[in-house]
Each structure stands twice: as structure tokens, then as C-alpha cells.
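What follows is a group of structures, each given as C-alpha cells.
What follows is a pair of complexes built around subunit A, which joins subunit B in one and subunit C in the other.
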Partner chain A sequence: MKVININLSYNSDFVTQVEEESGQKLNNCYQCGKCTAGCPYTEEYDISVSQIMRLTQAGQKEQVLQANSLWLCATCESCTARCPNQIDVARIMDVLRHMARKEGYVGTGRVKTFWDSFLSSVKNNGRVFEVGLLVNYISHTGRFWTDIGLGPKVLPKGKIHFKPTEMQGKKEVAKIFMRFKEESAR
Partner chain B sequence: MNTSLNYAYYPGCSSTGTSIEYDMSSRAVCAALDIKLTDVPDWSCCGSTPAHTVDHSLSSALSARNLDQVASMGLDSCITPCPSCLANLKTAKHRMEDEGFRDKVNNLLDKPANTKIETKSVLQILVEDYGIENIRKKVVKPLTGLVVGAYYGCILNRPAELMQFDDREHPMAMDNIMEALGATVVPFPLKVECCGASFGIPRKDVVMRLSGKLLDTAKSIGAMALVTACPLCQMNLDMRQDQINHANGSHHKIPIFYFTQLLGLALGLTEKELGMNKLCVSPRTLLDFMVNEENIKEKAA
Partner chain C sequence: MKVGVFVCHCGSNIEATVDTAAVAAAAREFPGVVFATDTMYTCSEPGQDEIVNAIKEHNLGGIVVASCTPRMHEQTFRRTVERAGLNKYLFEMANIREHVSWIGKDREANTNKSVDLVRMATEKLLRNRPLYSKKFDINKRVLVIGGGVAGIQAALDCADGGLEVVMVEKTSTIGGKMAKLDKTFPTVDCSSCILGPRMVDVAQHPNITLYAYSEIEEINGYVGNFEIKVKKKATYVNWDSCTGCGICMEKCPSKKATDYFNEGIGKTTAINIPFPQAIPKKAKIDPDFCTKLTKGKCGVCAKVCPSGCIDYEMQDEFVTEKVGAIVTATGYDLFDWSVYGEYGAGRYPDVITGLQYERMLSASGPTGGHIKRPSDGKEPKNIVFIQCVGSRDKSVGRPYCTGFCCMYTAKQAILTKDHLPDSQSYVFYMDIRAVGKLYDEFTRRAMEEYDTKYIRGRVSMIYPKGEKLLVRGADTLMGSQVEVDADLVVLAVGAEASAGASELAEKLRISYDSYGFYMEGHPKLKPVETNTAGVYLAGACQGPKDIPSSVAQGSAAAAKVLGLFSKDQLESDPQVSIVDIKRCIGCGKCIQTCPFGAIKEMEFRGMVKADVIETICQGCGICTSTCPQGAIQLQHSTDNQILSEVNALCQF
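What follows is the complex of A and B.
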């Protein structure tokens, strides 16, 4: 078991920032573990969601923001739905991801690459273009065999398009992303 | 029943591709029930899960553009078949009630966001506005002999304070509809367990585990089919069912319908209108079985 000296590494700014951005009181968590018990992804996590909550309470910024768990949470809301103290745990996980991105703690997880490919598709087309998203993901991960086996099954169904659907307002959507980038750089 | 139900309809990106049969069957069912849908003009992506994992103001701005499009139609509410779109559109409206947050969103938009537009799911308006008893009266081809489980997925009803519909742990909306259509509904114990969501591409192993558990459970309770209300759930369970069988050594062949497809069938719509041929796990045997069961029942009567 890893022993942490909380007195030496407690980061009060981190605690304040998580509370402000999530609108949640971290001290309301009394470590019952119900969030972890119901988390479908906990098998994949390096730090369980209840431990993320405890480490966040204890201001352990580095350890929390470098957790792989942040990139394996699918926001299924089980933790939020079951917290006996009405803490929106899923929103805290979201806020921690935002902070990890901003502070460069982001690992190389494939889920994040997929999310980024998704958003780049929205930025370019205004809507998600599924084939373009897959190609973008593959080009960033080198995983050329991704879902290749689904081709023969799905192609005859006429569900897959090789061109994005055209929409007039796609520039407006691109502008949202551009302004967000500018705002984030401030 | 209100005889003039009229909604703005937000299809969502997957409706143009992998969940086209959900869109087709939602539209066909609404038309059959005289529910008027008008597409949100030039709608764009809501940002789905990826946007809210980056930033909440970005996510809400992507939704706000669409809420503004609804406002431009002179309507104050819209409906969508997709739970992920639903969650984002509802979250945006809810969070923009906070002035500080709204300012951040407005910084990303051409014009200030509209904060009045309510969003509901197609399922919710069918249950609450149209009414299950009224649906029951419209059934012309009951789903005789069908034993079905209803799988809601994780976010259709959660977080409860935001979604304001049905129950967060034990939803019944689709169970009740299926019962009204003449099917035998078996209680599905994993109604709100996550299927693996959008991890099918980046972490297929996780989807194989989570969706595999759903299919194993469906089989163990004797469900001939599952109904869903979510494009991602349906896609993981249907399109990836062979992958799941291969990964887990199982032999499932369980048709996974959108609830609107079975509803449409019972209303007398054609299989083609409902996109039955778009499903990867063929429902052919099951559809023929239902017709046969109904014939036997009629003869006996």
C-alpha cells in the first residue's frame, strides 16, 4: 500500500477549484464506497472512484490528475445515481478530466484519442461523420484492424456513408470550437 | 389525450447513419399516431460525451446552437430519440440558468443562448403526452407470443434530478409499452447497467464484458429479444453481438429492437418502414413466429 503524507502534499487550491467547478461539497463524501460498488468500469480503473473522491478531498492533485481512471469513466451516472449524500460524482470526474487536460496530465489512452477524433469530426462537419471519425482515430492510433470485421455485416445495411452530411451552419459550429480555443488560451 | 401533439424533432447524428432504423421507426410511429414532428432546421451535433469531457461551456454551446434553432421555429420544446443528445440538451438548459455559466457559453456563441427550450425523449412524450392507454387502443397487430426484456441503458433516466422521467434504478416506461402491445415482458435485472457506451472502438474488450453480461442475462431470463431506446446500447448489443460471442465463447442470437420498431409493428406499419432489415441480428424467425402465434390465437377464438 502506498503511504502518502497528507500534510506535505495537501493542495488546498486544487480542492477549492474542484468544488467550484463541480458545484459539489467534497466533504459530503464519507467513503461508503457505494459509487465503486456500482461502477461498471472499476475493473479497468487504476484508482477506484471512491478513492478518487478521497484523494481529491485530501488535496492530492498529482495523484488524482494522472489517474488512468479519468479516461475510462464513461459518465454512466451510476455513482451519481447511488450516492447517499447526493454528490454528483460523475460531474466531479468530468471536472477532473478538464483539469487534467488543461494541466497536461493527459496520458495516451485510446478513449481520449477517440473522444478527440469525435470532436474533430464535429468541428469539421458540424455533425459527426462516422467513417471520417474512424479513419481519424485509426490514423492517430495505428490500429488499422479496428472493427474491420464489422464491414461485411454493416455495409450491406446502407447505414454507412462515405461522405459527411452537408449542413449550412457548419461554420457556426467551427466558430464555437475556435472561440473555445481562444478562451482557453487566456 | 391532446389531439394536436406537435414537436420540434432533433434527430441526432447517429440517426443519419448507424441508428437510421431508430429515426425511421420514430418518425413512422409518430405519423401513425398523428403526432406532428418538424425537424429542427439545420441542426448540428450536441457534442455528446466527448464534448462534456473537454469542457462544460463547450458542451453547452454546441447544444445551445440547437436550442436556438428550436426557438427560431417559434416552439418552446423539442424531442429527440437519443439519450445522449437528450442529456446534453437538457444539461445545457439547466446549467445556463446560472448567470456566470451562461456568460461563459455566450462567449462561444454568435448570439446569446436561449435558455427556455425544454427537451424530452420520444419515449417520454409517448408515455406522458400521448399515453399508454391510447397506444393500447391503436394496436392492430399485437406482439403475440413475444417474450421481451426492456433495456434502458445508463443515462436515459439519470441523473434523476435533471432527467425528470421514470425511475433512476427501475424504469418501467418501455416495459409498460411492450405490455400494452401484447408482448410478455420479463423483468430485466440489468435495466440501467452500462453497455460500454462509446468504448466499442477504443476499448472493445470493455464492451465485450459489459454488453456480454447483458446478453447472458437476457438469455437467462428467457427473453427472445431486447428492446432499447438508445443508439449506442442497440449498436453494442446488435452490431457487436457476433464480436461478443467470439470474445466470450457465447452463442447468442438475440434480436435487439428499438422500442419504436416493435411499437410500429403493433400499429400495423410495415417492416420496411420500421427498418427491420437494418438490424444485424436478423429478427426474421421471431417476426414470423409472432405472426404464426397470432394466427393460432385468432383461429382458437
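What follows is the complex of A and C.
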């Protein structure tokens, strides 16, 4: 394990940016661990949410933005709801996710690919088309066998459709994506 | 004597593992017992009424209560039997809680042991005699040992209450540790601004006599009538004429004397006044550094002193004071942190103690309130504070928490930012113990407003890296090993009992714990009393304490003294040794063994006999076991009474 030099590796720009974009004061966190205690994803996380908070406090940008946890967070906001210091932890997670994406820190391709496949499916169909998403994701990652076991369970229940269902407002949804593309390009 | 026995359930404390009804039934068969019962809570009001009623109804002459330890309720039940018209010594207690029910689960064995204990108590009670206290006059003066904030508070409260106070302080000024502090938490008040006026009050109060630079040589006597021998150490300056002008300090050529007041940050002159607000503001010569005293050459101070008060021939002087009570407020000292080799053991000049840092922060300190690295005088940028140095560490024999370091570290981190806005403070801590009014808010302020970086973990080593010090520790919250490049390291060194505390305790005849802190009479209910009547505790001599707690205990001790002196006479404890003059052969062995000097020789019809001074005797019983004739007997624990208990136990 690496030794962290607390003063030399402290990235103050990172801390300021997280504080500005989230509107939260990182020093308010006293590391009680209640966010981790209530987080439904703790067992899947590589770095628990309270440790994400601690590392962010300590200005450890690299380690935070490489965390897989950022992409597993479901934004259920249990952490925010229960924080004794009224810190919006989920908002901080969101800010960190944005930063990681923008600055190309997304280390695990799978998570990024999943979200890309998900969003492209929504863009094209107005809502997610599961089989399309699956094909897209598998073709980019080559993970054929990972979720195959789910097939026999969901197929007989009619949960999986082989072509996208028509829905109202499909164009409007596509417009949202267009607007995002235009505005983020500016 | 008709005896009544009460076996207490103590709720379920005793009843759960002792068949109290069976114990009462067994007691009914003992010789002398005419009444025995078991009760739910004997100490409660209905429980006590039951005793009173039984005494009247059955015309009882003595009572045995089988319940908890006598330390808990012996006084309670003595008052109960007194209320029913019996002498309070016609009462015995059998401890079937601490000695039986709490330590064993076997109900049958417990019941049998309880029966034995009740039988022993009954047999002793049958031999008890009524005892009566004597009254004696008291001297309504009080001695306060130690002139720190606790002692000052106790002295001022006693003096304001109309008592004459004698204060003895080891160093040449009062003020103690608080006088060395720059600011106080959590208000960041200037320490000397709030303490200074109190120190002046001590100097000016008509009821207070102050002996500074003095120590307790000897203590004799007992509550109400102590005789104290005070050693006034030689200052080589006649304090009656010294005006504290300070000219001697300016001219003294020996400028390398250890500056004790400034904790060794900087040096002072051989003749010195420790600090500008010193009380009394009088100069004294440090004989280790004065060239006149060490080599016989110099004499500059004697030449320049406008009042002619230098006296190189001065000797220690002894004075005797008579007082009726003593308040001990001897404070604490810092743990000797040089045992920590991993922190440099004192080899790195830029690793200092919190108290040294405090002197550095103080405007009247050796650096004029500027934070400087002792090594090169440069302003530090990264300052690392390490908590729990000599606290919560079994490996150095200090497993206890000093309790105030978390707070003073937070205060110092805040002050550091005020002094050096561009600096960055780091605090390595194990836990933040901020128990007190506005305390936690204060430590949070250090983090939230002053951006002090708190790192949860101990530091494992410090080593030099160029001009800096590399501090290697852990951040257990982050789960990694961390290091900081520090310019200055401040150790939050814990408190230990003050030097000489145990020797003083022996003179006071009070007990102290394994760390040298004085023992209070009861950890909950007698926090300022000691087990020696008339001796009270105030401040950190009883255990590490912050300023508010020390002041509170100072006032509490004063209240105890004022309460004690609200009577003109005190009652002596009649449980003392008495000499049977017919049996005494005058061998004097008891006189030799008595630890209190309570036995003296007397002449009776031309023969030498021992005589006990009842007010000094503490009832320890050493004389009774020494006496070859059995002539000296401790009342209420005579040989016959003890043997009757042994016989009751060993009858089968």
C-alpha cells in the first residue's frame, strides 16, 4: 500500500471544486460512518462512501475519482437523509461522478459502457429497450455469460420484448439529448 | 443483651443468590437473638422504621443488619439505632452483598456463608459496649498547599468566608500552570488577564498569609489542630525590602540560567522574577547559575540593588503555623516524554511540548508571542500536533486519559491560524474527547472554520528530512499510512502527578493511587475529602483536570472547610485505643509502632505507663497487636471481640 504524504499530495483545487459544485463543506464531515452504515451498496463498493468523504477531505483526487463506487451509487440518498451534519453526500457523489467522467478518470470501462448503452437506448427509443441495451453492452464488453442465468427466469414472465415498444414523446426525449449535446459543447 | 437481626434482600442484589428468610430463621436460634426477619430494603425509610419499631416492641439492646458493606450504610444504621434510643455502637453489620451474593452463585453455599457472617456479627455485638465521643476545640485557620488556580480559588473562598488562610507555594510565584497559558479554551480568553486579578487578590487579602518559594517540611496533629512546619527556601534576596524593580535582572551577567517558567524556551538570568505579573513580584537567585554563589565572584546585583536587599549568606528558614484544616492543591506535572524514542526523545529542537508552545504564543513569553522554530528561528508553515503523548499508553505506564489535551490542542491550532494565517495545522488524534460546555463546538470550529486537518491515528515516528521533520502516521479512516512534512511538531504531552506528590501524601497521611494522584474519600460521593479528617483536595492533584473543574473543586474544598469550621468544637471518634493501666508494663513498644505519634509516656505512681492521646489516635490497631500484655485495647475491636468472632466461625 502506498504512503500518502498528507500535505504534498493534498489537492486543494480538487477540494475547492468539489465544495463549489456541490455546495457542501467537506470539513463538516466528522467521519461517524453513518452514510456507510446505511448505504445499500456498501458490500459492492471498493471504497465505502465514508472513506470517499475522508479521501475527498484529504484532497486525494486520484484515488477518489478512480473509485468504482462512484458508478455503483444509485443516488438513493440514504446517506444524505441520515447525515448528522446535514451534508448532501449523494450530491457530492454526483459531483465526483461528473468530474471523473469529464477528466477521463473512468477506470472501469464496463460501468461507463453500461451507462453509455443505457443512455443511447433511451435516446433512440424514448425509454430503455432492455434487449437492445443488452446487445449493445455485450457487443462492447464481450461479457456474454455474466447475466445469462437471468434469461430463463424473466423470459417466461414476458418481461423481455424483442422489439422496442412504441411510446409517446419519443421525439421530445431525443430533443433533450440534443439540447444536452449542444449546451455541453458550448 | 436482646439482639435483633435484619437480613436485607437489597432488591435482588442479595436475595437472588442468598435465601435471606433462611438466614433470618437460622439467626433466631443464635444465643441472645430474640427477633430476626428479612426485609426488602433495610436502608429505606420503612426498613429503618422496622428496626426502630422492633427495638421498642421487643426491648432490644443491640441490632445486627446483614446487608451491604459498612462503608455504604454503617453510618445510616448507627443513626437509626440512635433514633430508637440505643447507643450507636450497639450495632453490627454483616456484609452479605460484596462478600457473598455478588461474588458467588451457589445459593446454598451463599446462604451458609451468610449465616456464618451473621453469627460472627451477633457474637461481637454481645460484647459491644456503649461508646461516647469527646468534644475538643478547633483552630479555625486553614492551610492551602499549592498556589495554582485551584489553590487560589480555595484560599480566596475561605478568606472571603472569614477564615485565616496560610498559602504555601513551592515556586517563587503563585499562578501555577494557568499562569503559563496564553489563552484558555473554549472562550479563547487571555489566561493571565483572568487569573492575574485573582493572584493580586491573594496578595492583598488581609486574611491570607502567603509563603512563596516554600515547602511543607512536617505536618503533625489532627483535624482541628494541625501543626505545620514550613521551610522558606533561601532566595538570597530580602523580600521585605525587594520592590520588584527588576534592575538586578537587567544587570545580571549570568544570562544562561534555566528558565523554568518558560519551560526552557529561552534562558533567563541567575537572579530573576519569573514573569511580569508574578505574585509576589520579588526577585530570587538561582544558586546553580549565580557566579557569586558558585565561584564567589561577581556581586553585581548587590551593587545595583537600590534597596540593598541582596543577601548571599541567606539560609533556609523554618516557620510553624497552626491550622485546623488543610486543602491540598499541588496540581500536576507534564509526563517526561523523552521516553518516546520514536519522537526523537528530545533530540530534535523543533519537537516541543504543548506547554512550551503555549509560552511561545504568549505575548509576555520569550519570543514575544511569535511562533518560531527553536532550531533556526524561522516561522513554521506546517505545524503538526500529536495528541496522547504519555496518555492512553500502557507501554509507558500511563493508561489514563489526561482529558484536557484534546481541547488545548484545538485551541493551539486555532491560535496558530490567528498568528500565522498562511500556516497549516495537522492534528493526529485517537479520539476527540471534548466533554464539557461548548467544548465539542470548539473542536468542530477548529476543523470547520480554521481548516485544521484532523487525522485519526497515532504517529509512529518523526525523523529529520533536510530542514523539515517527516511525521509518519496513519489515517485509519482513510485506511492508509500517511506522512506530513512538518516545520514544527507540538506534542500534547499528558499530565502526571506532580513531583514530590507521594512524599507530601505521606506527610499528610493521605493515600494516593498507583500514578501518584491523591485518593478522594469516595469516587462519587466524597470527591474533595480524603480518608484523613480535615484534609481536602482541590484541582489536578486528585487527577488531571481542566481549569473550570479545578476551580469548582477549589470552591468545593473551601465549602467543606467552612462547613467543618461552622462548629466551635468537633467530636472525636471513640474507636480509639485505651490503656489498661493495671496491665501496662511501660515497655514502650506501642509508642514505637504508633504511626501517628498518638501514644506518649506518662508516670503513674512512679511507674512508666503508656497513654493514648485520643484526638490523635486513628484507631488503626497496630498498638494492640504489638502490646505483649494485651494492655492496650482498641475500643469496638478489642481482642475479646475479635476472638469471639473467630470462635463463632470455628465452632465445628
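Things worth noting here:
By definition in this document, the second predicted complex is superposed on the first by the 142 of 186 C-alpha atoms of A that agree within 3 Å, B and C clash if a C-alpha of one lies under 4 Å from a C-alpha of the other, contacts with A are read in each partner's own complex, and residues count from 1 in each chain.
By definition in this document, a contact is a pair of C-beta atoms (placed from the backbone, for glycine too) under 8 Å apart; a residue touches a chain by one contact, two chains touch by 3 or more.
Source: prediction; values computed, not measured.
In the superposed pair of complexes, A:C32 makes contact with neither subunit B nor subunit C. Touch criterion met: A:F118 reaches subunit B, while subunit C stays clear of it.
In the superposition on chain A, the chain among subunit B and subunit C reaching more residues of subunit A is B. Touch criterion met: A:K170 reaches subunit B, while subunit C stays clear of it. When the two complexes are overlaid on their common chain A, residue A:L155 makes contact with neither subunit B nor subunit C. In the superposition on chain A, A:V3 makes contact with subunit C only, not with subunit B.
Across the superposed pair, subunit B and subunit C touch subunit A at no common residue. Every residue of subunit A that touches subunit C in the complex is listed here, in rising order: 1-8, 25, 27-28, 30-31, 50-51, 54-55, 58, 60.
The touching residues of subunit A, counted against subunit B in their complex, run 40-41, 43-44, 72, 74-78, 80-81, 88, 90, 94, 97-98, 101, 109-111, 113-116, 118-119, 122, 126-128, 130, 134, 137, 141, 146-147, 149-150, 153-154, 157-161, 165, 167-170, 172-173, 175-177, 179-180, 183-184.
Of all residues in subunit B, only 13-14, 16-18, 20, 42-45, 47-58, 61-62, 65, 104, 107-110, 154-155, 158-160, 168-169, 192-194, 196-204, 206, 209-210, 239-240, 242-243, 277-278, 280 touch subunit A in the complex they form. For subunit C in complex with subunit A, the residues that touch the partner chain are 382, 424, 426, 444, 447-448, 451, 453, 455-456, 472, 475, 477-485.
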